[in-house]
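Take a look at these structures.
You will see chain A twice below: alongside chain B first, and alongside chain C after that.
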Partner chain A sequence: MDVIANQLFAGLSMASILLMIALGLAIIYGAMGVINLAHGEFVMLGAYATWALQTYAGIGILPALPLVFISVAAVGWIVEKVVVQNLYHRPLDTILATWGIGIILQQAVRLGVGAESRFVKGPALLSGNTEIGPLIMSNYRLFVIVFSMAVLAATWVLMTRTEFGMKLRAVIQNRAISECYGIEAKRVYSITFAYGAGLAGIAGALITPLFSTIPTMGTGLVVDAFLVVIVGGLGSLIGSAAASVLIGEATAIFSIVINDTLGRIAVLAGIILLIRFRPRGLFPTETRR
Partner chain B sequence: MSSKFQYDLVALVIFALVVAFGVPAVMNYDGFELNTFARYLALAIVSMALSLSWGTAGLLNLGQAATFGMGSYAMAMHLKLRASDGLPDFMGWNNVETLPWLWVPFESLTFTLLAGLLVPAFIGGLIAIFMFRARIAGVFVAIITLAFLVAFQLLFINQQGLTGGQNGLTGLAQMSLFGWTVDPYSMGFYNLVAGCLVVALAFGVYLTHSKFGLILRAIREDADRARFFGYNVASYQTLVFCISAALAGWAGMLYTLVLEFASPTYMSVSFSLAIVIWCAVGGRESVIAAAFGAIVVNMLEGRLSDVFVEGWHLILGVIFVLVVMFMPRGIYGLLSDSVRKIRRIRRTRDQRGVETFPNT
Partner chain C sequence: MKRRDFLGSLGAVGTAGMLSTPALLSSAGRAFAQGNDIPVGLLFSLTGAVAVVESTLHDAALMAIEEINASGGIHGRQLRPIIEDPASDPATYADRARRLMIRDKCVSVFGSYTSASRQAVLPVTEQRNNLYWYPTLYEGRECSRNVMYGGAVPNQQQDDLIPWAIENFGPRFYMIGNNYVYPKEENNYCKTLLKQYGGEVVNEEYVPLGHSDFSSVINRIRSEKPDVIFATVVGDSDVAFARQYHAAELDPSKMPVVSLTRSEVEVKAIGGEAAAGHFSSAPYFMGHATAENEKFVEAYKSRYGADQVTHFVSEAAYFQVYQFKAALEKLDPANITPETIRDAAVGLTLNAPQGEVLIDENLHTHLWPKIGQWQTNGQAEVLIESKERVAPKPYAAYPGQSCTGQGLVKA
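Let's turn to the complex of A and B:
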């Protein structure tokens, strides 16, 4: 029983990380149909930015978050302006172009910082564990879970309760008509892409104490996060949240029932089956494309 | 169509002549250089296999490396058995007592060669039936094949006793074909690989210009319309997937012979996307262009990594992004566009000539 409870917590912790990464991807994919394979590299940039801030400026993870968000969002904004903006009418080519950008970012970091893995200290405030009976939960992981839900809520508010969100939803529904009403679709796309990239940066910052920071860390993450987005349904925030919990918990449970690798294979097989039978995901949004 | 077919035939003949005679002469018949170039030629076969499914039928298969790996491992299993008497060494390290049943038939070379083609074709076919019966298309094909690739590689690394895990299969024997021991650093071996590539390309050119290829292109442009004309879209897509997988398996077998080992990195996501890059740089619409793309990018990689040991990946990324943005149809697109432009200029000049002498 203890094992299962602890494993469920581990699954939830993984789900929260997946959610943080997948949210940015879901917004970008939902808004513009762009499959951003450079997203994992945005996560990696966030992690390195955190490391740099801690090592050279002595800023801890939590105060670094806004700085990381802004800097990675700026990188995303540039990438959108220079490359992605020219490819909106060729969605399959965005996969290829963003993969190329991913290679460039990864190599730039490898050349600039080095290939060896870097370590970032977790915040002292959140060290230690919370124990409820047999269940032992690391405070930092608990914080990440709460924080990811806060980011989800903030994104939801941004999408549904602000003028920018209204414009974005209008552009998603019909770009041509919303442009007739004076919405600058190009600008909306740029900001959305930057916001998605910034979220990836925050995710990268938060996972630094849990993962080792290496230039290739993004490649594995982006595949997982992308599967979350597809399973959750095109651009659906709730869908992404549900899918990340589902995939996180399924991985955790399979890995005690079978073993880690076979568990992951089982989850991937399940995802393939799900895409086959529900290609629009668990929670499809009704939009005209 | 017929004129395009002629162009492709001419290109194929030139390509074959250059690969068979030009390259070895430039390389000075040096064993090491020939081996390196044979590696590029083997990779050219995977790239051209991808161009059949991606360029002709519009199915972006991000799992091409999986079928490549299957072929590569089939060959490696045979060579490993020949190198070791009884049980291969890595099985002993993993406490495997007897030879697993999966390995037993690979004692035979005939079986190995058949398996290297048919196992990838069969598995590719299963995935294709699974996807295309449900009319999965576009981005979702890419995602499903990518997820399959990740799962497949994990499985291979996990089954250490069967596949050698992360280390792959090393310490292989040299293949003997009809009493000829294949030395990967010899001219004969180079000719074997070059011959395989030319045969594969001839097959690809024939296929793309046959009625089958025409229907595949119709499906790429508009699957529903092809369906309304009464074509069974799913079976055409499945067949091209099988052919592409078999060719990838073939390339994998040659690749093992060139490098003399098989490694799970052949089935990694980055290798699979590298195949897509080669195909895109050359031009996905033509099998010859795709093969050319693989050779050019790999040669460039070889040269650049000598000059910039660290930075060549960066340069490759930049080249790739530029190709996707400004030459979406690759080198082939650039060539065919310029040919069309020259023709148009010539035609307008001819017409003008007619206008000046209206009554002659």
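Let's turn to the complex of A and C:
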């Protein structure tokens, strides 16, 4: 019983990390129809930005979060302006272009910072565990869970309660008509892309104390993020949240019932089955393209 | 593309093609090292996933070559390093090894970190009857006459370690490794030792390469309460494992991780605080106190930066170049071929940073196993040093098979 409770928490912790990474991807895909293969590299940039701030400026992870968000969002904004904006009507070319950008970012970090794994210290405030009976929860993982829910809520408010969100939803539903009403779709897209990149950066910052920070770290993460987005339904916030919990918990349960390697295969097989019967994911959004 | 541009680029391709053809033809001969210098290949990945570790091997080997050249070379001839970057891709290793051995007529190639890349080069070096110097510890169960194995095989890492761990912490072992051949073979050998010394395996578990979330593993460790975590997790997986193990506040004095793969490189990324108290078994640690090691560490740091570390694979990458030199010095300069180098190398002793090493007739190396405990400063304190040099037995887990000077012998 203890094992199951602890394992459910592990699943939730995995889900929170998945959600942080997938959210930016889901927004960019949902709003713009751009499959951003450089997303993993934005996560990696976030991790390296955190490392640089800690090593050279002595800023811990938590105070660094807003700075990381802004700097990675700025990179995203530039990428959008220079490359992605020219390719809106050519989805296949965007895949290729963002993949190329990913490789460039990865090699740039490798050449500039070095190939070896970097050390980032976790916040001392959040070290240690909280124990409730048999349930042992790492404080840092608890923090990531709470933080990811807060980011989800903030994104939801941004999408549904602000003028920008309304414009964005209008552009998602029908770009041409919204432009007729005076919405500057280009600008909306730029901001959305930058926001998605910034979220990826924060995800990178948050996972550095748990994972190892290397130039190739994003490649594996982006695959998981895509799984979340596909299962959740393209562009749906609720879908992404539900899918990350589903995938996180399924991974954790399979891992305890079988083992990590076969568990991973079982999760992938489950996703293939799910896509077979719900090709547009759990919560598809009604859009016109 | 405009028609003129197209013709222009076609012309350029044509010219390049014509220029390269005579160069290809002229390399058809099989004579080795006839010039004024001795060509040797360096085949370490400088880009791609393995570059993290492999670039340090490249640095160490290149440093040895340049040291040898600075002190006058071998019989007055300089070593000419030919550097190829196989970009972490096994097929590219085979291709570049072929290029080094055929086109560049290297008498030896130094290279590889992973078993996958060594096994990709194996058919090439055997077919060309060349010599491939492989510095990494590995899982054994290989007996090529064309590979010089400089790292430890399972019996050299575990024979001292397992009884010591049982005696100090207890008999219940939890095995965690990445899912590929090295961890499985090491665990295989560990199980035969555990049987012999009365230990037991409470769980044997493999995670995919690059796996980064160990919360399930840690939950299982917590509920099984083993005495020793026997780890063969590699690279960034090991970094993630160690950091999460520390974050979960599992106590190294009660449940230490005893690793065969964790070196100074990984510890630097893990952070001294999280690594402290756990153990590694290896023939070399950066903090090992010998005159040779001090010289090696100092030269390495002054060359590549004071924050750089040396580790048990870069040490072997370094001393193997000196073994190569010692073998060449025994030879008639007119008769240098990979085969004569190999025969001259067998039985050679050399004062390496870890101690005096010897090349066995099975082309593996006699080494000095050590057990180190990691400290908060990122260095290991050597607790146990083997009293004698340990002979390599690459088939130790397979009774009736042994690797000898005649290759693999089955009883």
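The rule we apply is simple: the second predicted complex is superposed on the first by the 289 of 289 C-alpha atoms of A that agree within 3 Å, B and C clash if a C-alpha of one lies under 4 Å from a C-alpha of the other, contacts with A are read in each partner's own complex, and residues count from 1 in each chain.
Going forward, contacts are C-beta pairs under 8 Å (C-beta built on N, C-alpha and C of every residue); 3 or more make two chains touch, one makes a residue touch a chain.
Everything numeric here is computed off the predicted structure, so don't read it as measured data.
Visitor: Is A:107 touching the first partner chain B, the second partner chain C, both, or neither of them?
Guide: In the superposed model, A:107 contacts both chain B and chain C.
Visitor: Quick one: classify A:17 as touching chain B (first), chain C (second), both or neither.
Guide: second
Visitor: With the two structures laid over each other on chain A, which partner does A:67 touch: chain B (first), chain C (second), both, or neither?
Guide: Neither partner.
Visitor: Given the touch rule stated above, what does A:264 touch, chain B (first), chain C (second), both, or neither?
Guide: After superposition on chain A, A:264 lies in contact with both partners, chain B and chain C.
Visitor: When the two structures are overlaid on chain A, which partner does A:209 contact: first (chain B), second (chain C), both, or neither?
Guide: A:209: touches chain C, not chain B.
Visitor: Share the list of chain A residues that count as touching for chain B in one structure and for chain C in the other.
Guide: 107, 110, 261, 264
Visitor: Which residues of chain A touch chain C in the complex?
Guide: 2-3, 6-7, 9-10, 13-14, 17, 107, 110, 115-119, 121-122, 127-129, 136, 138, 140-141, 209-214, 216-217, 220, 251-252, 255-256, 259-261, 264
Visitor: Under the stated contact criterion, what part of chain A meets chain B in this complex?
Guide: 35, 83, 86-87, 90-93, 95-97, 99-104, 106-108, 110-111, 219, 223, 226-227, 230, 261-262, 264-265, 268-269, 271-272, 275-277, 279
Visitor: Would you tell me which residues of chain C are touching chain A in their complex?
Guide: 47, 49, 51-52, 55, 179, 205-208, 210-213, 215-220, 222-223, 235-236, 239-240, 243-244, 247-249, 265-266, 268-271
Visitor: Residue numbers of chain B touching chain A in their complex, please.
Guide: Counting only chain B, the residues touching chain A are 60, 130-131, 134, 136, 138-140, 142-144, 146-148, 150-151, 154-155, 157-158, 269-270, 273, 276-277, 280, 310-311, 313-314, 316-318, 320-321, 324-325, 328.
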